[in-house]
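Some structures are shown below for you to check.
Both complexes shown next keep chain A, but they swap its partner, so chain B is in the first and chain C is in the second.
Our next item is the complex of A and B:
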């Protein structure tokens, strides 16, 4: 216990808040990814680029309108439409084939989108101005309100998704299609349409998280890479296709990284995620946050 | 032989299907009239389930035609076929295990053009036929017993207000009490003028419940007769079913 005494309580609290904030954004990225995987067994390697392009749409709309919230709404919508277009042109023809083909296809799409962004917007990072610049005092830190707002907004978007899946007719269609695509068709559920909409929803969520996270890091063509890697880790740790598991895993891993950075540099703290990933794959490959399969 | 009514509800015309290189259906033809219960008998692996899947639009025949109310549905996607009024109850029931009983029913109920009053009426009717489903309406489908899942699968198909229900081995693995309940529900459907295409291993039940019987062997219809005729003379059943 000696080493715990070395960490002051205030630092521990600050890192807890940091961990939860990062965890919520990660959860927003990962829930789109896991929703798409759950329903069509497609691992979407272009998800990080949808996140990045969402941030760029945010930059453009913010510059034109000066309103962060319009930018957020526009980015979600534009990226949702882009998602639907990617699905219809690239993935739909490949459904039912070897999963490797969809991995290669989405990887190809991600390269195209990344280089498009580099060509269109250049290598210099753009900035999204946060909607609030206020701070509050957290021990010795000036902590920006905006960070807490991101966490709450992410939670609200995920909550809305959950309510939609739980209670709406379309939510029932999506869950039925996730469980048994063939039987869903036999019940008259328009499965091709459901798959397109789910891909659009997942893409729209990635676009929204790009705008929300933009103010913290700066927007550039490679910003999707870090996030997508982490999102894949939490999707695997949370149990592929399991929404609640991905959210729990996002917060769990972000907290672990935040605490680890008390001892080591943040760059080294990333190692914690990989340790958790490797341990999960070794000991519980179906995911940490799912009931033991019977 | 009883005369076939002039305008059949369902016509399956010389359909062929392949699975890889093996020929599963080698020109199956059959007809079902409105409100008629038709049995499809045959040994395992002769193509009975594939015939039902071809009607439901889940397997698309490479040759031949499926017509429903005179309309060509051979290559229609399954969800459109279902909305025309073809309910499918698969052999392994395929309940949505994580959806509750009500949600399972709603997969067929939440369609355009179904009013709230109509939905209520349809739900109440299946709860009346299957009181156990009313008791378990909030329970996940996967937690039901085999018999209850079979009832849910039939009730779910009934939500489509079907003109025909395709039943694939509905009594398989069920207790005798459940079997007689399935037998009753076939009669109820018949009384409500819903046609049934019944695939079964239980020969006596099929002969009792159906008006006409088709016997399938190696992907073709070998024999076709009114059920009463086969009941009176079981030599044909012996020949094709070995029972």
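Our next item is the complex of A and C:
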């Protein structure tokens, strides 16, 4: 274990915090994806593009108003509306068909959105200014407060979603629709509206995570793909349609990637999450973080 | 079960089918002699992408598994051919093909072993992620694969040892590609009509039942993925021969996505449909990119969505039964 001694403890700690921060953003993206899948059997290939467009809306609103929080709220709202529009135009006609057709349709949507962003905003990366620039000292490093705030905000949004699903009247409607669509309809729940709203909520969460993540890296038209891939890995590892599982898997995978980048370049650290995926498929294809199916 | 009188009409239909096949083949043979340089090249390229799409139709159309990872097989065919052409002096066409096919088969075996444990959407997602694994490896392993720049090499002569050896001209290259694609089509068609192909189709129709009848479904699926990967690798070799380079862009997931688009546009489960879909897509792209430059995917994406919603059978869906008889 010679190589373990080569890594100082402080670096390990910094990578742990980094891993949790990216893990929380990933959890926010993945929980939207898994919510949409769990409730309506739709694999939303365009989820990464909604994330990317959310970041762009954030850039525009931030430039117009100068306030990060308004930009965050506006981006979530605009992307939620866009999600509802996408659902009504492309996914509702596919209701009742093989779920595989939804992956095709949303793949088409992702192509359109990505190239629309390229056309509208150009290939140059934009930058979102972080709302506050304070630092605290972590060993020898000035660690930005903002990163911790992102992690907390993501946790708050996911927590709010969970409370809403658990206790809110409309949350109960959503869970009823998941369990039995026909019965829910018979009980007077407006199922078509529930499905539209769920898609909008998932999209809005993707938009919000785009804005939150924007200050850490540049915003460009191709950023969605990285995230959709990671989110796909997370939902397979965590068990698709399982909210708690995907949050656990997000943090697990991001931590592993953060530790791996101590030894190899970040581009190669991605391979770690692929390895986790392969091992999951080999040993526990139903997902790592779900109870053993009986 | 045959109804009386069907024997004769199916004989006539077979006659029409083979006449149609010969006429189209003849047209494609004559084409490079009459077409200008640009379109000749374009036609060869359509055939290569058509072969890739056709290989993926084995999975999408006949076994009911959507693969979003065909770029890995295609790319490994390409890099396999590149490895043979760069390391061997003088470059040998048949060795390039062998290396490409071995590369693609190895990757296909790996992907098949893991991804066939999952069904439907999970299969689609895992194949996508697997293709990205190979993309990352090829992209970052610069010493061997040339990284972002890829590899360039020279084209080997068309040679049969002891008989003849000629340099590839655009015409002979086209005929060579056409020959490979036509043979692949006939082989794949034979496979889909064989008992093996029938089992694949029964997996598509009802997997649980096929298993209950006693077929080892997993083994059939693994073989289907490997077969599909092998032909995708062949398409990769042909592409490497035509363009004399291998680049990581062709292992990128976008190529897999386009393969799925060709299938859906042309009509899955027809083998010919994917080629027609590739031709339709590439022609439209050529036409649109004249005035939309790189944003051609916006209208093409919209057309694709419309086809998924309103025409799920694709352009050739109406002829599906006739093409498969």
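Following the convention adopted for this analysis, the second predicted complex is superposed on the first by the 292 of 294 C-alpha atoms of A that agree within 3 Å, B and C clash if a C-alpha of one lies under 4 Å from a C-alpha of the other, contacts with A are read in each partner's own complex, and residues count from 1 in each chain.
Keep this in mind: a contact is a pair of C-beta atoms (placed from the backbone, for glycine too) under 8 Å apart; a residue touches a chain by one contact, two chains touch by 3 or more.
Just so it is clear, the model here is predicted, and its values are computed rather than measured.
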Looking at A:65 after the superposition, I want to know if it touches chain B, chain C, both of them or none. Which is it: first, second, both, neither? neither
Of chain B and chain C, the chain that contacts the larger number of chain A residues: C
So, A:129: does it touch chain B (first), chain C (second), both, or neither? neither
Going by the contact rule set out at the top, does A:16 touch chain B (first), chain C (second), both, or neither? neither
Going by the contact rule set out at the top, does A:176 touch chain B (first), chain C (second), both, or neither? first
If you look only at chain A, which of its residues touch chain B in the complex? 169, 172-173, 175-176, 179-180, 182-192
Which residues, counting only chain C, touch chain A once they are in their complex? 66, 114-115, 117-118, 120-122, 124-126, 128-130, 132-133, 136-137, 139-140, 253, 257, 260-261, 264, 294-295, 297-298, 300-302, 304-305, 308-309, 312
Write out the stretch or stretches of chain A touching chain C in their complex. 37, 43, 90, 93-94, 97, 99-101, 103-105, 107-109, 111-112, 114-116, 118-119, 225, 229, 232-233, 235-236, 240, 265, 267-268, 270-271, 274, 277-278, 281-282, 285
Complex contacts: residues of chain B adjacent to chain A: 56-58, 77-79, 82-83, 88, 90, 94, 96-99, 103-104, 106-108, 110-111, 156, 159-160
